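In the two assemblies presented below, chain A is common to both, partnered first by chain B and then by chain C.
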Partner chain A sequence: MTIMEPRKHGDASDGMVGGRQTRFEGNLKVTGGATYALEYPIEGVAHAVLLQSTIPAGRVTSVDTSKAKAAPGVLLILTPDDDLGLMTASDWYGNRPENQPYHPLPREVSFNGQSIVAVIAESREQALEAAKLICVTYAQTPAVASIDDPKAGEGKVMGNLTIGWGDAEAALAAAPIRIEGEYSTPREYHVAMEPHGLTVKWDGDQLTVWEPSQWSHGMARSYSEWFGIPYENVRLISPFIGGGFGSKGAALAYSAVAAFAAKKLGRPVKLAVTRPQNFTSYGGRAATRQKIKLGATEDGVLQAIVHRGASETSTYMDYPEQTGAATPILYKVENFSSQHRVVPVNTVTPGALRGPGKNPSAFGIESAMEELAYKLGMDPLELRLKNYADHDYQSGKPWSTRRLREALTEGAAAFGWSKRSHEPRSMRDGNQLVGWGIGCGTFPVIQAPSEAMIRILGNGRVEVVSGAIDMGQGTYTILAQTVAEVFGIPVDQVEVHLGDSRLPGSAIAGGSMLAGSILGAVHKAATAARDELIGLALSDEKSPLRDTGANTLTFSGGRIAVPRDQGPSLSLPELMAALGRDEIETRRNTLPDGATPQEHHQAWTTMAKVQGPTMGEFSMHSWCAHFAEVRVDEDFGTVRVSRIVSAFDCGRLYNPRLVESQWRGGIIMGIGQALLEEGLVDQRNGRTVNNNMGDYLVPTNADVSDIQVISVGIPDYGASALGGKGVGEVGIVGVAPAIANAVFHATGKRVRDLPITLEKLI
Partner chain B sequence: MTRTIHLSLDINGGRYDLDVEPRVTLLDALREHLALTGTKKGCDQGQCGACTCHVDGKRVLSCLTLAAQVEGRQVTTIEGIAAENGELHPVQAAFVEHDAFQCGYCTPGQIMSAVACIREGHAGSDEEIREYMSGNLCRCGAYNNIVAAVREAAEMA
Partner chain C sequence: MRDFSYLRASSADEARQAALQAGSALLAGGTTLLDLAKCGVMEPETVVDITHLSGLGGIEVDANGARIGALAKMGEVADNVGIRAAFPAVSESLSLAASAQLRNMATIGGNLLQRTRCSYFREPAVFPACHKRNPGSGCSAMGGITRNHAVLGTSDTCIASYPGDLAVALVAFDAVVELGGRTVSVDDFFLLPGNTPERETVLERGEMITAITVPSSAAATNSTYLKVRDRQSYEFAAASAAVGLEFEADGRTVRDIRVALGGVATKPWRVRGVEQALIGKMLSLETVETASRLAMEGAVSHGANRYKIELAPRVVARAILKVGGLA
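== the complex of A and B ==
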């Protein structure tokens, strides 16, 4: 296939892969016509609300529901006394404990803010009112509020995250230049604008779930396992998702509660998780701590990295936020040692939030590298280029593509880095101290098998059908572009159907793996459909193209013709009519040939077939370099990010307009992480204090200045069938250290614990 | 039984009759009772701007407004700003052109704010747009493109 260079908007090539086509579903979103999970008109729906625990640990001894039961409109109250008869579902990898009952409203409380009671009433207002009348009695037990709680202890080492080569301790001891620092990040939250929630409806033993989902097939599996019904009986519908960032990949406790209530009541139930409840109904990014020691020669050649990290987890599951994820692959180093511990505390189990692992990891190593640069008196850009990793020292494999050098040099040129003056506090503008800093980022290329269906209709429209989802990354658009290119038709002749577990299976929209995975399947299916059409057109006696003697046909400008021939050309509907066909349908997947139905099911509903970045002969990753300028008010310590230039190597871009938006989105979330975002825990009772959007601060429009993004990537056909690498996660990785480094350059103060709030600077 | 009140509301130039409890917000009236789900609920606490509508042409947070309060007043929602022939409002068109959204969940609120922001005369510079659009959070981070879209629509207005 031809690779289209990105063109300016307005060019006919916008609709091709690589073109700047505007968002396919754009009109629906700007008119209010896009329907999100809680917006389906469903007859006779009842409303459920949740009541959450107010203690961090202990046991629910009694729930007094007498007053609530008598309240107007109340239909059902579920408490830990009710056995919902559910069974535990599989984990991400498809492992499932045998015969283990599941209690989504548990008697044992593991964290403050755990859902323990549900009230279902005719209206949401009535359910809320009744919930206030419920009195829960607890027997409280000792708790650990957070990683800062003295009772938290050291936690446990995650053996699979212990990495090392060479002799890091010895090399460090022998290095003439050494720095060490301790870096920490707080709890951070997804805060997707659409709160979680769902509507559920049973028809006999058929369950329909309208729920925002980053993975329709995987979530459908959980419902089928909880309720012991065949997978085929569950249909999860999620064509539009109001942001996920990692939070909407799994069906959660409240999902099971709503589905049970609907079954019990024999009517549909809608459950809207309130904004405060969103802070504890699923986990955000865990708080992390890292100690990093770097050893170098006097001219700045890295000799050793020693890394020790830790992250909070819950008391009932080990979830590591891998602080050592970026540390081993950003630089050339012959001696390396990294270890990561998880520290159980009374919190909901943390989860994946944009750039999981790599993000806090990059905050550590990228801060440390600039500390080393200042210790050496060396330009931090020069230090990074000097220690450029020529291959992956962790796996020993060559990079598939790594244009981080170009990201650094082209980013520096666009930013004007050469005008920098090295000394901290040496650049100022009135009462503002100006500082510049760099942060590099990376995210692995992950792939999973996917499937897609193509239908060529008699009217010439082409449908592409997949269970993949679009939460704003651009799935609708790039699928339409791929199909438009294969058939040589305009994008508006394509229809895209997504977000339904009954449709062909797909990789999760997570880990930046969806675009690369699903486009492989879509391109394969579309090419197969086109080949079938060519076969018919050249062999069917009704076809005007049959006697041309051609052995293939061209598809371009909406016409199908014989190559280099003045002969007949037909539009798609004309050809379909000539062939007497209403429809040509193909379905293709990227599993190995001959995969069993069981393997299909496993591929779409678990992570078991996901391919990591070094499973082949190369080490495959996306890369970026951020250049940040901050202005710090010398008197007040307020920090403004006045400018960011970021250069990315994400391979080939399927749609630069949409990719640039995602990169900016990641960078903006990184600005929030650097300066604003911090989940505050009440150390007395483990409560998330700032569990709302007014107190947990995310960036507003006024917090964000112009951000320039640059692509330096080249197609990487090892990384994906169409040459792209992941886009969504990498944008945030490295932003926070770039800003922290700029703040140091501006003020001479090194802030090693995020966020960088003004009291840390004055 | 919970007491209900009868309301007759003027929304997008049409008349809507409904019986609701007095405590029902304008946001819930729109979304749960009138099937006008274009207006979004991001927080239900007046903190995010996703529920922004116009009442008598001024932007309000419909989650902090009772449905009963808007009787006799003109309510405009995202469903009511395109032309009757379906042609997009210039702000809507600019949002598509500038890719001023990703997931689209904050978008109706952003657009309603932007229409009012321009009408208020608060779209004179990028700085001013940023400031007067800051009541509308966008977690996808479409802010640069939102500013570009509002600027363009303001220049055309």
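== the complex of A and C ==
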């Protein structure tokens, strides 16, 4: 077990892969030196603002812009009457409908808060004021406000998400012990610190976009397809991102509007999406509903799981928040059945939010498992260990690595689980009830081909260049560490260039796939560059290392030398000078050899080449077990999380300090999900009324108490080139059920609908 | 945001003169004005800056009581040693309000005048109907999301709750608002919505809060502000109570008690019924719980805010027991 105690910074090993190097770009961020998308000083920029629908469904019949046009500073107003001449772009997988026009300001209104008009003016204030003068007339049609609306109906079954083996219904009916529960989660939102927005500029048919992005290449592709220009003509710049959590992976309707306005006006345009508009300009996590039935023997051996789930989607696209994603792989069970439906309602299409699918899925199954444990009178830890899955029962494949048992046992030891008293309401601290609960989590290991470039410069500095992005998770840092290790140089001798679609292609920063994907390419490119340097050093007649008789060289402590100290040693700049070289450049990717240019383009700009967790011989996942302690004031119904211990199996950790930070971030978001976060939808008009950070509550520092994180992972070279598994998503998965289970243990009240707000407990 | 003219007042009189004009708004900390200007709820034509005026700040505490200048910052008052000693509930109400950043900006005068957090009040483009914003237009909150709305002091026109904390502590201890030419008790300063929810205080056009005075009392010295909410910090109260208590010489019989409620009413809500029920009584768990239920006399719920009727008496009881040394 590795408990991650804080360690003194500055250890020489910090710069190696696996070291605790502090955030590479941290100084820039805390000193304000990092420039974010809307902060670039672009000369002559005009300002665009969005006007959004105030009805949930219908048709825009007229837009009266006469007053707004006459308002000071107004340059352009775009309405559904304007044909922007754009074409629909590809979906995530690169599928593109032929000759289908794209109307980012549509006439048909599908949800309350849909962008329908844009006003562009000399100043943002002028644009906002002019927007208020615009009068939109609608022909309303009946709407479905949310999944709770009686008109929503049952929705439709997503056939590809129907999972089953054995005979679950029969095994359930035959099981002596059965429980069933209905679990629900509300709409939840990303609420990244940095709201969405962009600045765009055209130079002829060359487009530059400054926009926060989790995927510079994929988003650049959308712009090129909307405007019918070559991909190479688009440059999307995104070196720093103020949080994404899944919301910044795609170019969105407002992006197209801003780019069109810039083209039409012949000057740069900046568009800042307001905080309320961030609640409807892209989708958060869909509201979900699940029914779970578990059957077990009297001694707690699972016999069957029957799962029926549903999630909200929009009326124009099926986006399933997969409630059956974690259900089939957490436990050993011979009879299983799961089905998921999407229920179209008048909302923006929901999207991926940290731990998509797995997160609400784990809330269901992990709550249900504890309900079963209490029904059996069994310790919930024991029940989980008893039903430990020795392999993946869904795919039938062995795990690449699965140290969930260690996560459970070592997490329990660190938490002090053995001191638990089983009965609900049996633990107290003063007038507060104390409760303990467990929630397990998982997230699949996926990866995509990536490319990287390494440049060794004459001055001895080494550059690593990639279009990958860093939204705070640590890409800059681990790339620098990887290169520093390959060349045996300190991290500060490495330069990292990221976040630009003109740079080598990369996997999306999403689905926890970036680190594993990009490090493979960076390591390959760096090793190739080093090998090239070794070749030169051993063969070039100008090289002092040429006649040493060595057939390789060592790179360590900033020196390049012959193995076993048989001769001279040189620093990198000394060797480059001796060789008379200004630069050595290599570029490598992780596509199969002989991949065509089309395959390269497809790999960087679509999800078509993403490798799923069971596409090889193993089933590959990250795992975790959260142990939560809550204190409940029963008079007031208030829940405070007093302690969390979480143990993770994420394979090898490239930088434990940054991994810990991601885990803690996920856990904190999980506390918000469990206790605070809920989009409140007015059932009369489908409006999310708490669309601001004063009313949509996320945890403050005061809500975050002691969090201890433990790594139980071992390198998993089946899962990635350097042995790591994903870390970003899994941290949140299982936190909410751990807290809900602790609340039950404290109070005897089982809350099956998140968030657990005080009125549910008084 | 609409263009507005900016006037930096050179004296309190000039500020009052300017404030007489329709469409003008005084600017102190700006934490409410800027917020509501961005929402399109307040669109002043003239902003009259009073932040630099002398004679409107300062905190004085002596044996008779405290005088707090209107421009004193929330944070300053919360941390003032004299206030903390003589009026713990006042200090606590401020340190439990807003966030540190807001407390460093917002002034005491402005704090009293903060507007409701009713979601429907705050989004005019989507919810045009709001009697408070636009008299006669209707109420969008009724029938909508009402979890944070008031259960006391409501009317057919408005159920918006008063969001503040400080004013709750002030009404408990008979504080007085100085308006330059006249003084009004904080209790009378705030108006019930009735048929005129757009009128929230007795402040007339051209009037300005210059100071708040709070008389000393034994109950104020032995006081607390208890605020209950889902989030530990930076959230408005689901229910809160300001309570002060003075015992007779026996240390058990109630001589004086003050109780006021926040988060549940359309204005800071003094509950004299609870006070009357306890004066002269021996303080016990039972007497307190029975008396606290009187706090909800006349309460009416609107859907999701029903829980407040259950919650608020418990908050009152806990606060009384705390200052009474029983919790």
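Heads up, the rule we're going with is that the second predicted complex is superposed on the first by the 752 of 762 C-alpha atoms of A that agree within 3 Å, B and C clash if a C-alpha of one lies under 4 Å from a C-alpha of the other, contacts with A are read in each partner's own complex, and residues count from 1 in each chain.
Throughout what follows, a contact is a pair of C-beta atoms (placed from the backbone, for glycine too) under 8 Å apart; a residue touches a chain by one contact, two chains touch by 3 or more.
Just so it is clear, the model here is predicted, and its values are computed rather than measured.
Asks: With the two complexes superposed on chain A, say which partner A:T700 touches: chain B (first), chain C (second), both, or neither.
Replies: After superposition on chain A, A:T700 lies in contact with both partners, chain B and chain C.
Asks: Is A:N27 touching the first partner chain B, the second partner chain C, both, or neither of them?
Replies: first
Asks: A:E125 in the overlay: touching chain B, chain C, both, or neither? Say first, second, both or neither.
Replies: A:E125 sits against chain B and chain C alike.
Asks: Please work out whether A:V191 is in contact with chain B alone, chain C alone, both, or neither, and reply first, second, both or neither.
Replies: Touch status of A:V191: first partner only.
Asks: By the touch definition at the top of the document, which applies to A:L758: first (chain B), second (chain C), both, or neither?
Replies: Touch partner of A:L758: chain C, not chain B.
Asks: Using the superposition on chain A described above, determine whether A:I667 touches chain B (first), chain C (second), both, or neither.
Replies: A:I667 sits against chain B, while chain C stays out of touch.
Asks: Go through the superposed model and pick first if A:R687 touches only chain B, second if only chain C, both, or neither.
Replies: second
Asks: In the superposed model, does chain B or chain C contact more residues of chain A?
Replies: The larger set of chain A residues in touch belongs to B.
Asks: Regarding the shared-chain residue A:F636, is it in contact with chain B (first), chain C (second), both, or neither?
Replies: second
Asks: So, A:G472: does it touch chain B (first), chain C (second), both, or neither?
Replies: first
Asks: Overlap of the chain B and chain C footprints on chain A, residue-wise?
Replies: Looking at chain A, the two contact sets intersect at 72, 125, 694, 699-703.
Asks: Per the contact definition, I'd like the list of chain B residues that touch chain A in the complex.
Replies: 1-2, 21, 23-24, 28, 31-32, 35-45, 47-48, 50, 77-79, 82, 88, 92-93, 95-97, 99, 101-108, 111, 129-131, 133-147
Asks: Show me the residue ranges of chain A that touch chain B in the complex, using the header's touch definition.
Replies: 22-23, 25-36, 38-39, 41, 72-73, 123-126, 190-195, 240-245, 272, 274-275, 471-474, 657-658, 660-662, 664-669, 692-694, 698-704, 706-707
Asks: Could you list, by residue number, the parts of chain C that touch chain A in their complex?
Replies: Those residues of chain C that touch chain A are 1-3, 40, 99, 117, 119-120, 123, 125-127, 143-145, 147, 228-235, 238, 304, 306-307, 310-311, 314-315, 317-318, 327.
Asks: Residues of chain A touching chain C in their complex?
Replies: Within the complex, chain A contacts chain C at residues 54, 72, 112, 125, 128-129, 132, 276, 431, 635-638, 640, 675-676, 680, 682, 684-685, 687, 689-690, 694-695, 697, 699-703, 755, 757-759, 762.
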